[in-house]
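Just so it is clear, A, B, C and D label the chains in written order, and each chain counts residues from 1 on its own.
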């Protein structure tokens, strides 16, 4: 497969973002790695010039060993039928900050709010960063890698005592653990 | 918990015989098990045959069906709802999530054991239970009412401190409720 | 009122315990008379922390839990999850397995649409239609039970194929069920879709214009009801959709009635797709064996896979760091746009009578929002 | 003595008939929805269960009194309409009295539900009163029309005239326009679909009944059963020639009820404003034309 369509899109983008790296992942998927301060410019051009009207999702990955959060923006073009994944990295802090895209795409509101709750990244300039899903949650942002749900749950909730003989035998034989 | 049949007066026996034919279930989809309720309520399995209908407000309902896992946020609403229901009231735990957490045993968000927070009358095992299992469990509940053993709701009035303590532990502080359980217990002479 | 206060607006909660709510979800409405002047959604009642749970489980264990993310239409989840692993690990899927997956996806869409149109009619007081559609949906669930062993959750699509092949005579029974459902569609039309009172209730409710729909990120049947012929099955084909012949039904009005019509016409298309699949399905193996799943390490990489579920675009972003467990799975539920901001925007200005109709016509599915 | 017995037993008889009609309606609905349906005595079980519940809610004395006012108003109306064998009060009170007493239950409900401070209940009451304005005008016009046609305001005389004259003097034959208008208004009066706006579970969670549980709801169910019989009896007396024996009476109730159920099954629910508009667009002009036809 020659990826003619994908390459032509990359050619359009490349001159304006010389500090970014572009890669065709497969048919209809393009990956772009950007410095974080360039993302807003990129997003504006994506929407206004290159006609990527649909912000499919914003994903966040916690790379705890690198001390960084990776934000992945998935843009979809209705006409060209191509999805661009723009990846940026921001430093991982107690409360990381980043710029919002919610003034460009309405759906970004939900995704940013969600990332704020789950990872503790505050998006400056967004109208609404209130808790949405985890309104009753007092712990740390749960999706961070240093929060281990298993330990939390075992300490916090009461479980039913259930230790039949077969389970004890199995545990004694050293089975049943991961 | 179950009181003996011999302790019941004739009137109570008749009342149980008639009341068991009419059980109204609160229309509250607390979890994913709610997807099996429409087939149970509608044309194929038709639970209304047994006099089980669905009611929209807690004031009118007899059965609180906990359909699956309960996140802490929902549990708060469930406790409020349960306290608003009129006695006698029955809680049916539906699916393995209510029994021991099910496949969400390590989730930070869902509670693991329903009978710590509200008294449970019957459990339905499975993930998720089929409509036949729901009907079987409701028939078991009907039999239990007939025998006069479905008294778990009294337990909430008797052991309110136990339930309250567990609730507060999960909610991390007391929540605002609108019913004075202890005064009601005195009113009902429990 | 003793104090001479003028009460102008008041607040009302719809849900989480209310028949006019799809699932466990809540709407906080501010009303002026009968008119909604501001609306806020409140989700999180169904939050289980799926994305976190998946990080703590093996790749193969997660197949059992992903389907729980969207309850009425679980198969797009399984499909997304399996395809994401296949893309990262470079696993080939046998041709027959792809066809079977497509069949399962379409049956699931059909079941979900039956559910939705019934629920939508019920919000206008037509309680007979949900009784009919839900009972007819049970026939599809029986097919699922025969094929996969599960009524609602199927846990059927593994990385590398599907779990088992068709039982004997399954194709014939699928066609029988399709014939039955097609014969019932006329009854649904007579009762609800062509019912004068239903048309009166549903037209002009929750109107989305084409521009609004695109800028608010609406996907799926709701977008097609505004006149945008966008469908992941056509635009970004997966499995064998590029080998099948089907149309994308669109309407231009963008109101609740148009959404109903789009769903109704999509059901016809799904029936036709299922028939084509039974007609053309090749023979062969259904599963390429993967390494021992308990010790299987998926190579490092990431993938963004999309599926057209009955509610819209369903996408998974999976990252693997080369370990035995996924490093991160992000679930983009189809209702994250329709169920939250679009719903809030559409409710403002409509009336309390129509609040639940707007929600049902958008087919917002709370578990997808909460995850 | 006879009168005293009737006063005691008439509400009970009406309650039994009304309950069976409600049970029949649930069975009918179930069959249209392709279900088996509950047993026909199901509503008895429901009411017994409700009355047997331990009720610990009260929203003040007005809330308690209002439920009794609701039931009392309905039973009072029952005494003033002629049923086979009992027309003692009906000879004294004419149709104007009935028109007045018919309003008492609605007002009782409004007062009681207003105390509960639940916005769903308040919306339900607002809708109930709006609907009252919608269906009452055509209904009162049909009263007036029938009174002018037969030169009497007494429902008992009306019934006697229609019974004596045979089918040709029934209201439905002599003035079908008024009969149709009154039938539509009757749907609104009983809160049957498509005029089910008052309860509307999907919109306002059963409206006025939202805070009612246990015994309160039980009394409302009893009231509903009796109100059904009362309002259908009025229609039968006006347009279907009344009845002199119980067999004829119950048969007519049954036929009328089935017609109303059939209409309710195939229609959804109007919005409140549409319901009012419909009532003033179709039944009201029909009733006016019917009255004009009688005058000229």
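As a convention for this text, a contact is a pair of C-beta atoms (placed from the backbone, for glycine too) under 8 Å apart; a residue touches a chain by one contact, two chains touch by 3 or more.
The structure displayed is predicted, hence computed values, not measured ones.
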Chain labels contacting chain A and also chain C: B
Chain whose average C-alpha position is farthest from chain D's own: A
Chain pair showing more contacts of the two, A-B and C-D: C-D
Chain A-chain D separation of Cα centroids, rounded to whole Å: 60
Computed distance of Cα centres, chain B from chain A, in Å: 39
Centroid spacing, where centroids are CA-atom means, of chain C and chain D in whole angstrom: 43
Centre distance in Å when chain B and chain D are each reduced to the mean of their C-alpha atoms: 36
Numbers and ranges of chain B residues touching at least 2 other chains: 42-43, 56-58, 73, 106-109
Residues within chain A bordering two or more other chains: 134-136, 142, 147, 149-150
Junction residues of chain D, two or more chains touched: 33-35, 201, 205
Interchain contacts, given as pairs of chains that touch: A-B, A-C, B-C, B-D, C-D
Residues of chain B defined as touching chain A within the complex: 72-73, 76, 99-101, 105-109, 111-113, 116, 166, 170-172
Residues of chain C that touch chain B when the two form their complex: 16-19, 23-24, 44-49, 52-53, 56, 64-65, 68, 71-72, 115, 130-132, 134-135, 137-138, 141, 151-153, 367
In the complex, chain C residues that touch chain A: 42-44, 47, 49, 51-53, 55-56, 87, 214-217, 219, 228, 230, 235-236, 302, 304, 306, 313, 315, 317, 319, 327-328, 330, 332, 336-337, 340-341, 369-370
Residue ranges of chain A in contact with chain B within the complex: 134-139, 142, 147, 149-150, 152-154, 156-160, 162
Touching residues on chain D, where the partner in the complex is chain C: 29, 32-35, 119-120, 123, 193-194, 196-197, 200-205, 265-272, 274
